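Two complexes are shown next, each including chain A; its partner changes from chain B in the first to chain C in the second.
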Partner chain A sequence: MIGLNSVIQRKTGLADTEIDTNKVLMSVETGKYYGLNTLATNIWMRIERPMVVSDLINDLVESFDVSLEVAQTEVIAFLNDLKKNKLLEQIS
Partner chain B sequence: MNYYQYITHGLIVFSEIPLPELTSIKSEKADVLIRLGEVQRNPSSEKINGVCFQFNQNEFHLNIKRIASFYVKDGNEIVIAPHTAADERDIRLFLLGSVFGALLQQRNCFPLHASTVVTKQGALCLCGASGSGKSTLAVALEKEGFPIVSDDVTAITFENNRPYALPGPRRVKLWQDTACELKIPCSQENAIQKEVNKYNILIDPVERKTELKTIVIISTSNKENVDVQPVTGFEKLSVLIENTYRSEYLTNDQKKTHLQQCGLICNHVNIHQIKRPKTGFTLTQQIKIIKKLIKPKD
Partner chain C sequence: MTNLGWCDLTHTLFHQKLLEYQDDRFIQYIQRHQIQSIALDYIEYQCALFDQTVHEKLKCLSREIRMENLKATIGLIELVGLFNTHNIRYMALKGPALSYELYGDIGIRDYQDVDLWISEMDLFTVKSLLSEMGYHNLDSVDSLTIKQKNSFFKAMHHISFQSKNGVLFEIHFRLISDDCKSQYLEFPFESFWANRRVIHYNGSEINVMGEQDQLIFLIFHASKHGFFRMKWLIDLYTIFSQTPINWQSLIERMEQMNSRHLLVQSLLLIDDFFDTTFEKNVSDWIQPTRSEKKIKDLAKAFNLERDVKQFRFCHKNYFRFIRYKLRMIKGLRYRLNYLLFLFRPQNKDFQKVKINDKWFALYYLYRPIHKIIRMFKKK
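And now, the complex of A and B:
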């Protein structure tokens, strides 16, 4: 499971495209498509390089009108979903 | 060896067998060679739907019982091994359908399951499940002065990230009742298969590729009237994936290119969905809606 102290990064070799500025990803392993809304696309743009989850959440709290508590719950759930769909790598 | 020479989907085809559905040309060089020969089965190949085999993204094998085995390689060669007593029309039906679909995919060309016409605003693709009436509507639109680009499968190519529809075979496949309704005569020699009530209607497809501007998805509903809705957001991507011809043949690597091409199309074209009643002849209404859709906005 990905938690606050995990280090994460996008998986390499994914297929992606943009529909009306929102990203759509596809894992070559699963062949399934995964659409990101505006906020999810914003998060995706931030995790090209390895990143500590708590740093990512702090950045998001600064950029968006969202409480730390809500950001932690929702971002961690989203990152775990990306991992489940083989789109995200948990480095540590 | 003397080959029959044709052009279709933007490709110059040299063929050992005559393909009267395609437009003849004279050329020194071919993009695709179609020959008769032996087709080997590869035991390591992956099976799709029990009849086709995808070796890898450069090799494809399709075996149709009592008709022929086909082998497609590197997007430039098709080998046909006809089964004894097979009808030539049956062979051509699969060759120009599924086999060309796989060939186009090997060439990273986007095969859209659509009949396409040209309007002043660019190419307009008509998509929809078999029996939804895309060929019928294309023929009706041709009578209204919109020339046909391709029937059933339209190859989409990309230049400077813009999608273009390429002219396909010079025939439209129509069921007998629709041909009658459109006052088009059919004769048994033009039947697409022996004892099948579907006919090849010869047309004059446009000669050049046309920039793709509009896609219309036709489906049927239980309502009494024809209804039209715009398709937006991720839904656009879903309909493109759904309407990719023989998408089950795409390898995961080909899916990467395919997804990027879907994105280019989504960001460049308007997509609308037309729902028509299941029964009854509503062509006039559909044509009216389409003319309204392609009208330039002031």
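And now, the complex of A and C:
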């Protein structure tokens, strides 16, 4: 499971494009399309290189009008979802 | 929507032609030029007043292209992985790699297939590897006779495959086919391979041509098709307006390949459509000869032609295109070769009519007659 101290990064073997300002992804591994909303697109753009989850959440709290608690719960759930769909790699 | 770094083009022919109609004719125009996403980006950047229904249609078309491009890019990543595992040297041409490099997104350019260039020496290895991996060979020659096979390989410069999920691949084993061989014009794989670059895309590494090689190839490719599609001109405009060009070296190479006229026509067309100002020495160099002006004017007319039917056999642009190619190709021998190419039977002819090798020459009669019959049937 991904937690606050995990280091994460996008998986390789993905293609992405922008549709109506949001990202749509496709994975070599699953061959499925994934659509991201605005916030998810924002997160996706930030995790091109390895990143500590807590740093990512702090960045998002600064950029968006959201409390730390809400951000922690929602972002971690989203990252675990990405991992489950083989779009994200947990480095440590 | 991503902004492609447009500058003010409101007074240009490109702007005028793109926004000439704001109804279904606009949709036909952008589809004919395969610039769905580019056109959407442009009209949104310009905040051009647009009919809402047409705007929505365009958005829808752009979405479709982007989804198709995702599939094609995944296909490219898979194939590149396969080639790397089997030590097959390749360079990706146009398609997703060029879209990513020029526009920062694989979804922008419209590409119907994925093109890769391999060494001719690796052709048979690649053919068997792809067949083994479940790719469907669309140019199977198994049923052809020896003479048919020889003729086929002489005329062809690529073989086509389709992956299980429907992505089309063109595996090029040479870049210059018989319809555009020209004196001193050469694209040797080994020297292009030595200049290759690697594009990093979401953790995947994709080999592409060196910058100048790629530019020369794109000029050649667009010229070969008479600049029939605006997307090729936009690619070149983007390169010339956004990347530093070593003009001296580029001009020298084009002159060595006896292809000055191809570079000149590209620059003149860019100037005609995008009102671009080039450096003084470049502007001086591109002063066209009569013949260069003629070839540029023909290409411009092809680009401006709205009705694609006009390029079909015996239609208005068919013979103009032959004239264009005869001006484009340098050297009498090569021009004759092109004329002969027009009659040379192709794989589809072999599939349609089986003629014994002893009477192979009959195919040269069959081809034009068949084309004429087909034309009348269509009419």
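We adopt the following convention: the second predicted complex is superposed on the first by the 92 of 92 C-alpha atoms of A that agree within 3 Å, B and C clash if a C-alpha of one lies under 4 Å from a C-alpha of the other, contacts with A are read in each partner's own complex, and residues count from 1 in each chain.
Quick note on the criterion: a residue touches a chain if its C-beta (ideal position, glycine included) is under 8 Å from a C-beta of that chain, and two chains touch if they have at least 3 such contacts.
Computed from a predicted model, the values in this text were never measured in an experiment.
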What does the overlay on chain A give for chain B and chain C, a clash or a fit?
clash
Kindly classify A:G35 by the partners it touches after superposition: chain B alone (first), chain C alone (second), both, or neither?
first
Any idea whether chain B or chain C touches more of chain A?
C
On the A-aligned overlay, A:R10 touches which partner chain: chain B = first, chain C = second, or both, or neither?
second
According to the stated criteria, A:F64 is in contact with first (chain B), second (chain C), both, or neither; which is it?
neither
Which partner does A:N22 reach: the first (chain B), the second (chain C), both, or neither?
first
After superposing on chain A, check 5-13, 41-49, 95-103 or 131-139 and name the one in chain C that bumps into chain B.
131-139
Footprint intersection on chain A (chain B / chain C) at 15-20, 24, 26, 28, 31, 33
Chain B residues within the chain A interface of the complex:
232-234, 236-237, 241, 252-253, 255-256, 259-260, 262-264, 266-267
Taking the touch rule as given, give the residues of chain A at its contact with chain B in the complex, in rising order.
15-20, 22, 24, 26, 28-29, 31, 33, 35
Which part of chain C faces chain A closely enough to touch in the complex?
1-2, 59, 62-63, 66-67, 69-71, 73-74, 77-78, 81, 96, 105-107, 165, 201-204
What part of chain A is in contact with chain C in the complex they form?
10-21, 24-28, 31, 33
